[in-house]
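Chain lettering (A, B and C) follows the sequence in which the chains are written, and residue indices restart at 1 in each chain.
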Amino acid sequence: MKGKPQYTLADLIAGLDVSLQGDPNCLITGVATIQDAEAGHVSFLTNSLYRKYLATTRASAVILSGKDAEHCGVNAIISPNPYYTYAKIAGYFEQADARKPGIHPSAVLGENVKIDPTARIAANCVIGNDVSIAAHAEIGAGSILGDHVSVGESAKLDAHVTIYHHVTIGKRTCIASGVVIGSDGFGFANQKGVWHKVPQLGSVEIGDDVDIGANTSIDRGAIENTIIRNGVKLDNQIQIGHNVVIGENTIIAGCAGIAGSTVIGKNCMIGGRTNIIGHITICDNAMITATTGVEKSITEPGMYSSGVVGAVPTLEFKKNNVRFHQLGKLVERVRTLEKILKKEEKE
Amino acid sequence: MKGKPQYTLADLIAGLDVSLQGDPNCLITGVATIQDAEAGHVSFLTNSLYRKYLATTRASAVILSGKDAEHCGVNAIISPNPYYTYAKIAGYFEQADARKPGIHPSAVLGENVKIDPTARIAANCVIGNDVSIAAHAEIGAGSILGDHVSVGESAKLDAHVTIYHHVTIGKRTCIASGVVIGSDGFGFANQKGVWHKVPQLGSVEIGDDVDIGANTSIDRGAIENTIIRNGVKLDNQIQIGHNVVIGENTIIAGCAGIAGSTVIGKNCMIGGRTNIIGHITICDNAMITATTGVEKSITEPGMYSSGVVGAVPTLEFKKNNVRFHQLGKLVERVRTLEKILKKEEKE
Amino acid sequence: MKGKPQYTLADLIAGLDVSLQGDPNCLITGVATIQDAEAGHVSFLTNSLYRKYLATTRASAVILSGKDAEHCGVNAIISPNPYYTYAKIAGYFEQADARKPGIHPSAVLGENVKIDPTARIAANCVIGNDVSIAAHAEIGAGSILGDHVSVGESAKLDAHVTIYHHVTIGKRTCIASGVVIGSDGFGFANQKGVWHKVPQLGSVEIGDDVDIGANTSIDRGAIENTIIRNGVKLDNQIQIGHNVVIGENTIIAGCAGIAGSTVIGKNCMIGGRTNIIGHITICDNAMITATTGVEKSITEPGMYSSGVVGAVPTLEFKKNNVRFHQLGKLVERVRTLEKILKKEEKE
């Protein structure tokens, strides 16, 4: 067991587009929130609600914007984008499983697999035939790759990932446990009351720098491929139907569901539990708030929402529901009033 | 590596209830959409929106209805149910993992297991005691079967499927990766503020010709069994509570949730993200649109929906929400107007 | 194969706070619902809807309250909390996989693991470095534990559970198949349109006597830990974001989602498919009905709900949706009527 990591501020900011106000030799042993930090910690200030802690923080250094720096009594790492700078610095303090390159003897390999010697295949993996795994890629314990799968350079699959045949995974892409990629899309033809499976002949293409959260599932295409483009970030428990296309750098929060053949643009931000029906198009730069249901294409960038929100005491909720279901009657009552008044006016 | 499959039209339609207008010896090498097809492809026309592509398609053959056939300039496979015919023909072009019968040496078998010699147990499976696996069944890599499980003829479990003890799985049933069947139902008795687990003594019965999508979970029953009847089709990430019964040929789209003890009839169509509460009954032939919440029994066939839908710009959404929560005041204002007018009338 | 278990009523009630009206030597061979019970079964009555079956039940004994006991024609187990008593008695009839202590030879163990000799490590488990597993704990087949994980006494992980590095699991905690604990929280910093991962440096603490249902996922914290306190019960397919804290004895039904940094109090009851946004607080003893969306903190105990519920025929649903989206116009019409009447009054 090695000791805790320890870096000077000069080490931590090397190569970053930041300036330091304070002592470059100050030793940092970890990160903490601005309110909970102790000596040796580096913290960050990105949300104005936390500015009040700046005067009293015990952190040894704080990452912040130029305009906050003048109020900072400790070492200040001044950044045009403090949260990004924090992401880079926090990377020095990440702990993870020990990972050595090489193929664990318990792994089961198919025929004609090409595994780069710098790649890691962990215990109990099952790798199909004609699979290629590029340099520095990691396949976590118990993960299963079907035939003809290809995994890009430095991609990282955690434990218990399932990749069906012919799926391609880009460089530096990270996939969490429980993810299933390439299962059959949901297609059935009804013949005389019985559903018959429609073969799903496409596969799935996952781009570079994609992140996919735990227990998310992405179905293979019916004819063409399902496609997740470079830089897409998917949270946990998301369901992606067959032939969906998700554009570059789009980010989707947990429990969202995208039904088959829908095409989502670039740089979209899609909130948790959002539901998007099939066969529609979402343009680039659309922002969709959490729990929204999208039933038709969105063609203009902007922020979109649906439904009725706001948790209230259940009694009030019940009254509101009665009123909602009686809206037709209310409209009728207003119409009657309008008629009476119109009649009165005429008289 | 074998070459691409190639069939004559005569081969592809053998045994199907279709007629051919054109050349039975035309060679087909794959399927494609009507708009993207190239020479050698067979395509299909089932949606009138795509009829415009029929005149110009480069497909070598198109599967279509009799009334569309007269406008078809290429080989026509005329079918009373073109999508079903497509499903059958597409099956010739399906690629899949190489699968040889037999028990992989890395599989761990319990005592008293009965595995048909034509069945396949893939790498790293764990099979409990007293399990029976019928002819031509396939258990995918890393799948785990508890004690006393039985798997029917030609059933196909993909990789990473988990089946708890005493679950039975019917013939030709297909189960995708990440599926969990037979986990304990959610039952707890509260004693002095603390929740105590109620033992879940039932199991799960899965019928014949059932399809279950990735990461779906089906709990075991509390006393009786949870039952999924023949021909049911379940998409990905569906949650089925204990003692649910789902009737024959009912189809349920992704992310739906069915709470405990609810009984769903035959031939129902249930949309994605639908939520059905516990202890109710849904009659045969009910159709429930996506994202609907069902809080009481449905006793008449028909199409049902709930909630407020329609994504709009967030500002408009916020105004609508204020109006919704002020519905009580609006009703009051209308009532006041009615009283005034009634008084005026009397005067 | 052993014969079916069989107990006298005296055996079954030993140690419970109940009284018996009837024959303590009556033999019981199983449990059943009050309407379906046969001779040899013990049943229970907790829901008044089922009281009608009490007169005619064929059960050999019924667990019920004192006030129901006088109408009971068979042996009566009289309890102040019949459902809790049922939970205890049903435990005698639970069947499960055969489980012997010890480490299966196919399990792969890291360095410096401490496994109590009474613990059980099933086939194909992968256990990381520096893991500790306490007495009588069970790790189900194919489960994977990262480095520095600790599992408490008598904890029970089913098959295919994934636990990331540094997660701690309390005593007697039960985790179902497909659960993922400790995957990275969803944190990304945007720099010039590209999302950069924010390292997730915290872990997850799971308390004692927690239950976690199939395919549920719990992310590790960004800086501090995500915390699930003692006695919490989580159903299937729940998503818990990073840095969430869930208080003691809170129970959450299936498909709920709790976004990052939200703190939930003790003894809360949270319905299925509930969605709780991030960075808010739910007080102790709050009850939230199924499918509710919670967008701001709840500070008073009570029952809360949101949205519009009630499945209706789709045609009616469509009309209601049009009316909802025209609420602004309706309010305007009422305002016009009010102005006219006000003017009339003045005249």
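To be clear about the criterion, a contact is a pair of C-beta atoms (placed from the backbone, for glycine too) under 8 Å apart; a residue touches a chain by one contact, two chains touch by 3 or more.
What you are looking at is a predicted structure, and each value in this text was computed from that prediction instead of being measured.
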Report summary line: For copies subunit A and subunit B, the superposing rotation on Cα atoms, rounded to the nearest 5 degrees, equals 120
Report summary line: Residue numbers at the subunit A-subunit C contact, same meaning over half shared and different meaning under half, come out as different
Query raised in the report: In whole angstrom, what separates the CA-based centres of subunit A and subunit C?
Result: 25
Report task. Check each residue of subunit A and list the ones that touch at least two other chains. Result -> 106, 124, 142, 160, 178, 215, 237, 255, 307-310, 312, 320, 324, 327, 330, 334, 337, 341
Query raised in the report: In their shared complex, at which residues does subunit C touch subunit A?
Result: 106, 108, 110, 124, 126, 128-130, 142, 144, 146-147, 160, 162, 164-166, 178, 180, 183-184, 186-191, 193-201, 215, 217, 219, 223-224, 237, 239, 241, 255, 257, 259, 275, 277, 288-289, 292-296, 298, 302-310, 312, 319-320, 323-324, 327, 330, 333-334, 337, 340-341
Report summary line: Touching subunit A in the complex, subunit B uses residues 1, 30-33, 36, 81, 83-84, 86-88, 90-91, 93-98, 104, 106, 122-124, 140-142, 158-160, 174, 176-178, 209, 211, 213-215, 231, 233, 235-237, 249, 251, 253-255, 267, 272-273, 290-291, 307-314, 317-318, 320-321, 324-325, 327-328, 330-331, 334, 337-338, 341
